[in-house]
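You will see chain A twice below: alongside chain B first, and alongside chain C after that.
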Partner chain A sequence: MNINRLSKLKSFFLKVSHHVTLFIAMSIICIPGLWIVLNSFRPTVDIMAKPPVWVPRGLNLDNYRAMFGGAGEGGVPVMQYFTNSLIISCTSTIIALFVGMAGGYAFARFKFKGKNAIFVGLLLTRAVPGVALSLPLFIVMAKTGIIDTHFGLILVYVAMNVPFTIWLIDGFFRQIPPDLAEAAEIDGCTRWQAFWKVEFPVAKAGVASAGIFAFLTSWNEYALASQLTRSTFSKTMPVGLRDFTSEFTINWGGMCALAVLLIIPALILTFIVQKHLISGLTFGGVKG
Partner chain B sequence: MIYKKLPQWFLLILPAIIILAAVILIPLLFSLYSSFTSYRLTRPDTLFNWIGTFNYEKAVKSGVFWAAFGRTILFLTIALNLEMLLGLGLALLVSRVTRGQRMLRTIMMFPMMFSPVLVGFQFKFIFNDNVGLVNNALQSLGLSNSAIPWLVDEKLAMFSIIFAEVWMSTSVFAILILAGLFSIPQDPQEAAKVDGCTPWQSFRHITLPFIMPFIFIAMAIRSLDVARAYDIVQVMTNGGPARRTEILWTLIGRTGYVDAKMGYANAMGYVSIFLAIFFTIYFFKKLNAARAELGMAR
Partner chain C sequence: MAQVILKNIVKNYGKLEVVHSINLDVAHNEFVVLVGPSGCGKSTTLRMIAGLESISGGDIIIGDNVVNNLPPRDRNISMVFQNYALYPHMTVRENLGFSLKIAKRDQTEIDKSVDEASKILSLEDYMDRKPGALSGGQRQRVAMGRAIVRHPDVFLFDEPLSNLDAKLRAQMRVEIKKLHQKIQTTIIYVTHDQVEAMTLADRIVIMRDGNIEQQGSPTQVFENPINTFVATFIGSPPMNLLPGRVGKNMLEFSGGLILPIPIDFKDIVKPGQDIILGFRADHIMPVGHDLTIDGDSAMIEMSVGVSEPLGTETLLYTQLAGQEILAKMLRPRIVQDGETLTFNLDLGQCNLFDAVTQRNLR
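Here is the complex of A and B:
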């Protein structure tokens, strides 16, 4: 009897500690983000208050209004940054997907000499640190005159995303038995038709997850963008965050508002495809 | 027609090769060349001033460089190991949950969507000595009377940066390890239970070998862009104050853009490139070995 009760007590205790640890872990994950969201609605006086104001009061949209208002105190051409980011990220993602699909298909379906070496070589280009790459790119682009343009940044992001896209898509195409396309070819499809009608629909989820990764990488990239863009006409959102810092002070409220605007698209996209995201990563890696 | 003679696979990977050559390979060759010159941004003619390995010798002899190099290695070692351990812990915690697991998984992915710059600003705000969340909380709870200089003191600043990095990247590990936990077949677990294994034994000898490939995938993915941490450090402290948190990447950026010594910066840049490539190859080798062990390799 006693042993029974002891083990019951033990399992109860384990359950409680499990939940408590989980709660603490989730709080640590959530609080920094929520802190940013909360502060984007608070007036600067409250953010700076000493002693701190814990219970939120006087929440308003002033920071957003100032941000979108443009002119005057704390005004930032945020819509311009948002459009730049959107154009650059979308275009580079689409191009990277096509290039990556062609490459991934080649690696999954064809046998050729030096395949592994080429594959590793392609992946290694992704490992080059952004800062180290930005130095020569800065000079080359300045010489060719594509610095500070959408085109220049799109080109860079395509190159950044292609290796990873190939890796993920290769993993997905390998999941599809080659017989499927062969059967279609016997039925009179060309290889091109067989690809679009048979193999692509099956691998669509993989392509989607690769696309999300490519988009998020370009949307969030900073190291290269901060050096390769100068003017409002090409600055992206992550670089725009810097506009809120001056030499000695930072406009925290305004920055938080821009931060919220930066997260929302990423958040929505990730929620839509989160299931594919996980399977994409594991397919590409484990079974590839 | 010349393209008819080329094999199909080559035509398919050609676009990838062309764009990577144009955007990454050629600039890198240029930077290799310029690392042997005394190139300064402000004086373009110095590009043709060949000085041999002087820049590399200068870096090797420089205490600042080695301090940054050591700090980078230390930073990566601590951050990656912590991320792996915390990710494993988080995955195990979440995998035990029966109700609301989907929601927990979604919350877990939250930090992955944050831009590294944003993570930097966010924690710069949170660790701010005056208006930061951490100091406010400590003072309100009466745990500390003075403002703790989180981003000024050498050790505390390093801690804050590592905290930010770990916060951002643990979810990559947690999500992949969780996927690994779900893929484990149940039979060996139950057999172990019948044979009287302790929970620790069955974790160590059954669960862990199964999720090892997943850990290495996460490591491999992370190693592809370890330098993402540059964004965080650049925003939080920019290597300062007085180089106390200087890592290789911030040192390169400052030498290149602020001091305009492009030749010297490119020489150090090459060191960081080899460091990154070493990390990547190491983890991909581990990944292949772990795959082979499970018989997943083809």
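Here is the complex of A and C:
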């Protein structure tokens, strides 16, 4: 066979196998998510059917109606949970970002004793699984009276996120040449102005990416929140999912409906910030 | 009047002293170039003048004020950085006007100054572009524009052309010279490129290992280098150096080469003294190729190892007294490798250095 045809055929099969592999991988990632969305619109009979019903027979909003309904109709305080989640996630993210920026900038720009050891130490705190800390945290918070409060959970999430935001933002500030801030200082800025007017705008894509990671960590966290919150006024949405389990039954449809509501804000935020992330850092100002 | 005076300036990093008590007076409107090899302390000195590095000792005076502890913004200086340091998130217009905006100047005044700077540097067509969309030369012009809008007392340039290709570098050199003629401000310029130093400077300051080796006009340092370091650092090609010894009314070199003592040095050298004879390629040429000699000269026969034709002249690599030396041929003809030519050495243009101290004996 002509070697050109052979090579063409080979690249064709390679392309097909790429697509097939990609399809399988994406299916493994996406099907559970799609299954949750689908189940949120289906009655329990369809959800529990064996063998599974792949093609939906009839979709309705009953699960959503029930979820937003009264206590007797299987309703849960969704809006309260949503507000709790929003307050806790946003506040902890903002604090973690500020601390992360201060810490990241310090690690990127200043020389001080024990810098590397402190940096590694910070990252090591991430190596401890959060659940392992749940019992000590529970005891400390119970003693100090901040258990079952927004403040308590915000504190925990800030502690969880700060090492990560410092590490991420440090990397972004390292990429910005110190000359930029020096040029700004010569142009009349104070060190503080040089940071906010020059370095921060250049690094904002990095700060945004650190922000979204911190937000998603707090928004999705279940293990610690389930230990440290009890009442409707402090429970976050992931913890609220447990409201659908009772002694003998699990309301899968309702749980899926709440899970969908949990996913939507995270998805929207990711899409908004993604633009920033992709636009990335444009280092045209210095020689590349 | 914005003269810059450095008095016994010292810089330490911990226990390591990198600049050793240097003194420098830069007059108003003077173009001074600090030149030297990497690590000689020239950039550190410039950064100390800018206020980006603290000083460990001495005084820096700009105008009539001691500015030792003033932050950069209070020194009324501008600086052009090696990698441009343009603000990537701002357009050219915003970059140029940034310093005036920080100083809370009136918008019409900012616009006027920015337009003026953009005209001087021919940047009018790029005003709304961001630095990422500019070529290296354009970026460097924006960096210079950003420096001139403020009408500073002193301009500092930190190796501004080292990121540009050879052609653009030559072009920008001329632009910097024109800029100095137009704006008439004190300029302190750091480079490791001696061609930039020679072409731009009113005065060259040659630094090595944190010390000033020599300062003077380009012609002075070129013709009368204070030591062998300056002799080889300034000028392209570098000065030929031939180690030898003073004999009886003559200089003796290895391989039996004997040359007369240049007349300027006759009363200075002593018999038996180890010396180094220094001469530039321009002062040793094949006979019949345009070298006009007023005083003493010596005829030497040498065979050419390699020749480098450069169009208007040819560089000839030859061996003399066991050393490779470089000669020049004006009005060149084709030279075969290995061809033996008679060279004329202009002894009046030669320098003699002490072999021990390496200093010029003149």
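By our rule, the second predicted complex is superposed on the first by the 251 of 288 C-alpha atoms of A that agree within 3 Å, B and C clash if a C-alpha of one lies under 4 Å from a C-alpha of the other, contacts with A are read in each partner's own complex, and residues count from 1 in each chain.
Simple rule for what comes next: a residue touches a chain if its C-beta (ideal position, glycine included) is under 8 Å from a C-beta of that chain, and two chains touch if they have at least 3 such contacts.
Quick caveat: nothing in here was measured; it's all calculated off a predicted structure.
S.K.: So, does A:202 touch the first partner chain B, the second partner chain C, both, or neither?
M.R.: In the superposed model, A:202 contacts chain C only, not chain B.
S.K.: Just chain B (first), just chain C (second), both, or neither: which does A:17 touch?
M.R.: In the superposition, A:17 contacts neither chain B nor chain C.
S.K.: After the superposition on A, what does A:120 contact: first (chain B), second (chain C), both or neither?
M.R.: In the superposition, A:120 contacts chain B only.
S.K.: Of the two partner chains, chain B (first) and chain C (second), which one does A:133 touch, if any: first, second, both, or neither?
M.R.: first
S.K.: Which partner does A:238 reach: the first (chain B), the second (chain C), both, or neither?
M.R.: first
S.K.: Looking at chain A, which partner touches more of its residues: chain C or chain B?
M.R.: B
S.K.: Between chain B (first) and chain C (second), which does A:182 come into contact with in this model arrangement: first, second, both, or neither?
M.R.: So A:182 only meets chain C here.
S.K.: Please work out whether A:193 is in contact with chain B alone, chain C alone, both, or neither, and reply first, second, both or neither.
M.R.: second
S.K.: Jot down the residues of chain A that show up as touching in both complexes, chain B in one and chain C in the other.
M.R.: 281-282, 285-287
S.K.: Please output the residues of chain C touching chain A within their complex, sorted ascending.
M.R.: Chain C residues touching chain A: 50-52, 71-73, 77-79, 81-89, 98-99, 102-103, 130-134, 136, 139, 146, 150, 163.
S.K.: Where on chain A is chain B touching in the complex?
M.R.: 18, 21-22, 25-26, 28-33, 35-36, 39, 47-48, 50-52, 54, 98-100, 102-103, 105-107, 109-110, 112, 118, 120, 122-140, 155-156, 158-159, 162-164, 166, 216, 219-223, 227, 237-238, 241, 250, 252, 255-256, 259, 262-263, 266-267, 270-271, 274, 277-279, 281-282, 285-287
S.K.: In their complex, what parts of chain A are in touch with chain C?
M.R.: 177, 179-180, 182-190, 193, 197-198, 201-202, 281-287
S.K.: Hey, which residues of chain B end up touching chain A in the complex?
M.R.: Spelled out, the residues of chain B in touch with chain A are 7-10, 12-13, 15-17, 19-20, 22-28, 30-31, 34, 41, 89-90, 93-94, 96-97, 104-118, 121-126, 130-131, 133, 136, 139-140, 167, 171, 175-176, 178-180, 183, 213-214, 217, 220-221, 223-228, 230-231, 234, 249-250, 252-253, 256-257, 262, 265-266, 269-270, 272-273, 276-277, 279-281, 284, 287, 291, 296.
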